[in-house]
Amino acid sequence: MPETGHARVFPFARADSAELSENPAERLHLAEAVRMAEAIVFASADPVSEKALADRLPGETDVPAVMAELQATYEKRGVNLVRVGDSWAFRTASDLSFLMNREAVQQRKLSRAALEVLAIIAYHQPVTRAEMEEIRGVETAKGTLDVLMETGWVKIRGRRKAPGRPVTYGTTIAFLDHFGLEEIRDLPGIDELKGAGLLSSRMPSNFSIPQPPANMDEFAEDEDELTDIDLEELGLLTPRGGDD
Amino acid sequence: MPETGHARVFPFARADSAELSENPAERLHLAEAVRMAEAIVFASADPVSEKALADRLPGETDVPAVMAELQATYEKRGVNLVRVGDSWAFRTASDLSFLMNREAVQQRKLSRAALEVLAIIAYHQPVTRAEMEEIRGVETAKGTLDVLMETGWVKIRGRRKAPGRPVTYGTTIAFLDHFGLEEIRDLPGIDELKGAGLLSSRMPSNFSIPQPPANMDEFAEDEDELTDIDLEELGLLTPRGGDD
Amino acid sequence: MKASAKKQDRSGMPLEALWDDKEDRTLSDPEMLVDIDGFEGPLDLLLHLARNQKVDLARISILKLAEQYLEFINGAVKLRLELAADYLVMAAWLAFLKSKLLIPKTGSDDGESGEELAELLQFRLKRLEAMRDAAARLVNRNRLGRDIFQRGDPEAVIIEKQNEWSATLYDLLTAYASQRQRQAISRVAIALRSVWSLKHARQILTRLIGDVRDWTALDQFLIAFIPDPSERATAIASSFAASLELVREGQLEVRQEAAFQPIYLRTKAGRPELEDY
């Protein structure tokens, strides 16, 4: 509709503006007050009372008139100004609430312990549970490893060629994706951790940080690939059953 | 503005909408997409990427056109739609900052060194720690880079393809958002600094101090005497012209 | 740096106030002579001195600046203040630069001319000043949470990534570094005080000035600034050994005109251009 001057796809227009002043100065003042009220309600964590608005808007502002104007302005928009008791708040238009529900997955934070174990797996992979314990000085709870497996950032890689054939853990492609790393070797080394201030510059001289392997998927010399029987035992493969 | 039928205190009007479709069905579709985008971005405190918007808007939506329309619509309001990298966010209008001070949250105070490092990372990214130290002429103290990473403004970007493969640092979307920048190219004065060669790691060959030579008429090594043709080109000599 | 005649707690000051807190100090202020706590290293101190010349950085006299800096350091040394190695290395380099500026260039192959070195220093100062100004402009912008505000009552978290677990690389690295450090602490040995070696001095100098080709002449100045004379002989020996190591790695070139003549060392030219990904 390029024919009118106000051509917009989605007009904010109010039908009735009869009550508005014809005095240009007053109109300008009202327009500024509307902008201010809009910003205040937008930025507030809670609905804003008319009294609170009156306190912050210029002295002689007619708060109810300002809010009525603002409410009418937002009436047909994707967001509406709604009255909650004697207070005001912006809310998604009710017919669009489906947009909000779609992915209302609450993001959860990894626990400190889980982050520590994840970091050890990343730097020391392939690494067994006993080795994690040795590095951390505390036992790793089963639940912690379960959570890490659930994130999809950690996987069981294989088995260590050692008594008891303990399972080895490593990181996945999803891990690289999530943390914005191109390859596992991009994890900062000892000097860089020191330089970034994350590690004390006065660590003992025998302190070292392993250099993660260039290729995450290559098996270490003392590491075995998982067999189908392993996968079954670990519950990573459904039993084939019978003679199939 | 009040002379048309769209009399509103505070017109949202866009002057130009020439590019919009004349097809009523298409217009309706665009109007709905604008409402949806408005609701999605408004609902989020953090910037929403165009990709996330595209995922939520109807299949054939032209997201950039929708956002341009919405941005123009909000241009003069108390709340503006701003672009942050490849994302969009509603933010209170900057001219209303005087009104909003009481909402101000206690900002983390950064040391002078941390601010300097932040500026170096922003203007020189991707930049290694050694390069930052070369620019400042001091070692980076503990509590400088880690504090910056903790603010979420600075991140590890990757590694330099150079001996030692040092880690490189850069800024984040949160940095752009915090300082009200659409993109890194909008950093204040970045073009002038680049032009002056002050963003290069080494002294550019054309960087020189206008040090008056001992003998003003002596030519520098990288300087040639002007020829008559040069003088002509510079308009310092009238053209000799043809066979005169 | 122990030279704290007046210690200020700057952490309590507003950000912006940090940018002009040195403007009120001048060279005539006796406190200035002993208080180098407020400076972020020698380049910062030089920049401050340069500003006191009250002219555009492009027009400062580097010679005068070098003299002022040396005067400052000598004052501190006289007061038996323990100066960080960085300040002494810069002093040595400026003494070297001063001699180059005063004595005309002799051979064609004895490193950069005094003018070239002065230009290099000027470039460094200008670049540092530019970054400082940029930081000031940055903090004075309208900032989110101070001047500009986001939605106070967001209705939904728009999750971009499918993963419901959130963690940043910073979280990960912090977790790793702090636990390794915690575990290592039981075995911590107190780090030895690093010997003031020429190699160390050159590292500092590279940070301050960049690669300088003319090491040999410079080393004499560096040695002069080693605070403890008893350390000088070992410093020379260990530095020569370290230099040979660098030659072996292809980072340095070595040249001697004849037996017992000075040994010239310089950074090998033509290092590859850097590239990122």
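Details
Per-chain residue numbering starts at 1, and chain names A, B and C are given in the order in which the chains are listed.
We take it that a residue touches a chain if its C-beta (ideal position, glycine included) is under 8 Å from a C-beta of that chain, and two chains touch if they have at least 3 such contacts.
Since this is a predicted model, take the numbers as computed values, not measurements.
Comparing per-chain C-alpha centres with the mean over every protein C-alpha atom, the closest match is chain B. Chain centres computed from CA atoms place C at the largest separation from chain A. Chain A and chain C have centres, each the mean of its CA atoms, that are 39 Å apart.
Remark: chain A and chain B have CA centroids separated by 24 Å (rounded to whole angstrom).
If you average the Cα atoms of chain B and of chain C, the two centres end up 29 Å apart.
For chain C, residues touching at least two other chains, in rising order: 149-152, 155-158, 168-169, 174, 277.
Along chain B, residues 40, 42-43, 90, 92, 100, 103, 146, 149, 155-156, 158-159 each make contact with two or more other chains. Against chain A, the residues of chain B that register as touching in their complex are 2, 4, 6-15, 17-18, 20, 22, 27, 30-31, 34-40, 42-43, 56, 69, 73, 77-79, 90, 92-93, 96, 99-100, 102-103, 129, 140-147, 149, 155-156, 158-159, 165-167.
For chain A in complex with chain C, the touching residues are 39, 42-46, 89-92, 100, 103-110, 112, 115-116, 118-120, 122-123, 135-137, 150-153, 174, 178-182, 187-188, 193, 196, 198-200, 202-207, 209.
On the chain C side of its complex with chain B, the touching residues are 10-11, 13-15, 18-19, 40-44, 58-59, 86, 115, 118-120, 122-124, 126-128, 130-135, 137-139, 141-152, 154-158, 160, 168-170, 174, 206-208, 210, 272, 274-277. Only residues 149-153, 155-159, 161, 163-169, 171-184, 187-191, 277 of chain C touch chain A when the two sit together in their complex.
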